[in-house]
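Submitted below is the structure of interest, expressed as structure tokens.
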Amino acid sequence: MKTYFELVTFTTQAGTSLHNITPSVRRIVSASGIGEDIVAITSQHTTTAITINEDEERLREDIKHYFENPAPADRPYQHNDIHLRDCDPDEPENAHSHLIAMLLGSSESVAVQGGDLLLGQWLSLMMIELD
Amino acid sequence: MKTYFELVTFTTQAGTSLHNITPSVRRIVSASGIGEDIVAITSQHTTTAITINEDEERLREDIKHYFENPAPADRPYQHNDIHLRDCDPDEPENAHSHLIAMLLGSSESVAVQGGDLLLGQWLSLMMIELD
Amino acid sequence: MKTYFELVTFTTQAGTSLHNITPSVRRIVSASGIGEDIVAITSQHTTTAITINEDEERLREDIKHYFENPAPADRPYQHNDIHLRDCDPDEPENAHSHLIAMLLGSSESVAVQGGDLLLGQWLSLMMIELD
């Protein structure tokens, strides 16, 4: 049985941003030499999410705008009472980012066939930075 | 190591609809001859989602109704300004379908045990058409 | 090819509650003797969900509070018309729990590396009881 793993890191700016990780995942699948299997893509952060959808310029703006609404940053969250927590006083007030990450989900699984990702024609794997 | 893959296609009507894909996935698991493993079920479209829940007649109506609300079709979305995009002028105005697909998620992973899906008693695998 | 499976059961109280299942999953991965692979964690109930995020005391309260809002329990749902369904008259009115479980998702997949879960520093696997 063959398995292959890679950790990929991205540098992001403050705020919500979308990162098309399909080229990275395709390169990793190719490097693995595995022809047929499943690849699991999993976020390693509390305020990032993994999703699959269309990487269309205007839809990217809709996604950024839309996913600010379900958990607005300016509502009160207990997690944002930094002074009541046993943590660094510089911790960001990002409870809304945690909640939206949970809505979007931390992992997606995709088939590998013929040594490549089996993704529908208009689909891209995306990492969403929510904080 | 044994792997098995099948692409299943469904014909859907316009609008939101639920499709219980448990029988298809059970048949595919059986055809694979694999006894113990993981099966990943992944949507191949931008406006469909994969979910696991109860296939109960009245809950199906709740699901269809509920998932129209979080991203109403009649709000403005940049992706729906078809004339500003480099695409076919007949493209559907379906940004809301993309967003809801991302909320529901594109894949689920389920254990295979004794050659069958290990799904809780009331659970079904469902493909949701959102457009 | 080696596979390993375990079913873990939890006793929960009425209402929404979060259960950090990371220690259970780490123990299972260790018991499997598998060094490198993928572990899929899948809920077996219609009103529970699997998520990955930070197990911080105050964020737990935010999560419980937040996930009561997207599908309020006191709205009308067809699934809650127990008398119109072919089921036990004592069935709970829990359509909202089903819907929120679908928003959160039923499964997550995580890499196993060096015989342990590869989870980001602040991440925990959580089972959320929604009913």
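A, B and C are the chain letters, set down in written order, and residue numbers restart from 1 in every chain.
The rule is short, and it goes like this: contacts are C-beta pairs under 8 Å (C-beta built on N, C-alpha and C of every residue); 3 or more make two chains touch, one makes a residue touch a chain.
None of these values were measured; they are calculated from a predicted model.
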* Asked: Are the chains arranged, by touching, as a line, ring, star, complete graph, or other?
  -> complete
* Rounded to the nearest 5 degrees, what is the angle of the rotation that puts chain B onto chain C, matching CA atoms? -> 120
* **Same-site or different-site touching of chain A by its copy chain C, using the half cut** => different
* Geometric centre distance via CA averages, chain C-chain A, whole Å -> 19
* Structure fact -> Among all residues of chain C, those touching at least two other chains are 1, 38, 40, 70, 103, 105, 108-109
* To do: Flag every residue of chain B that touches chain A in the complex, lowest number first.
  => 1, 3, 5, 7, 38, 40, 42-46, 70-71, 77-79, 81, 84-85, 95, 98-99, 101-103, 105-109
* Can you list the residues on chain C that touch chain A in the complex? -> 1-2, 36-38, 40, 51-54, 56-59, 61-63, 66, 70, 103-105, 108-111, 113, 118-120, 122-123
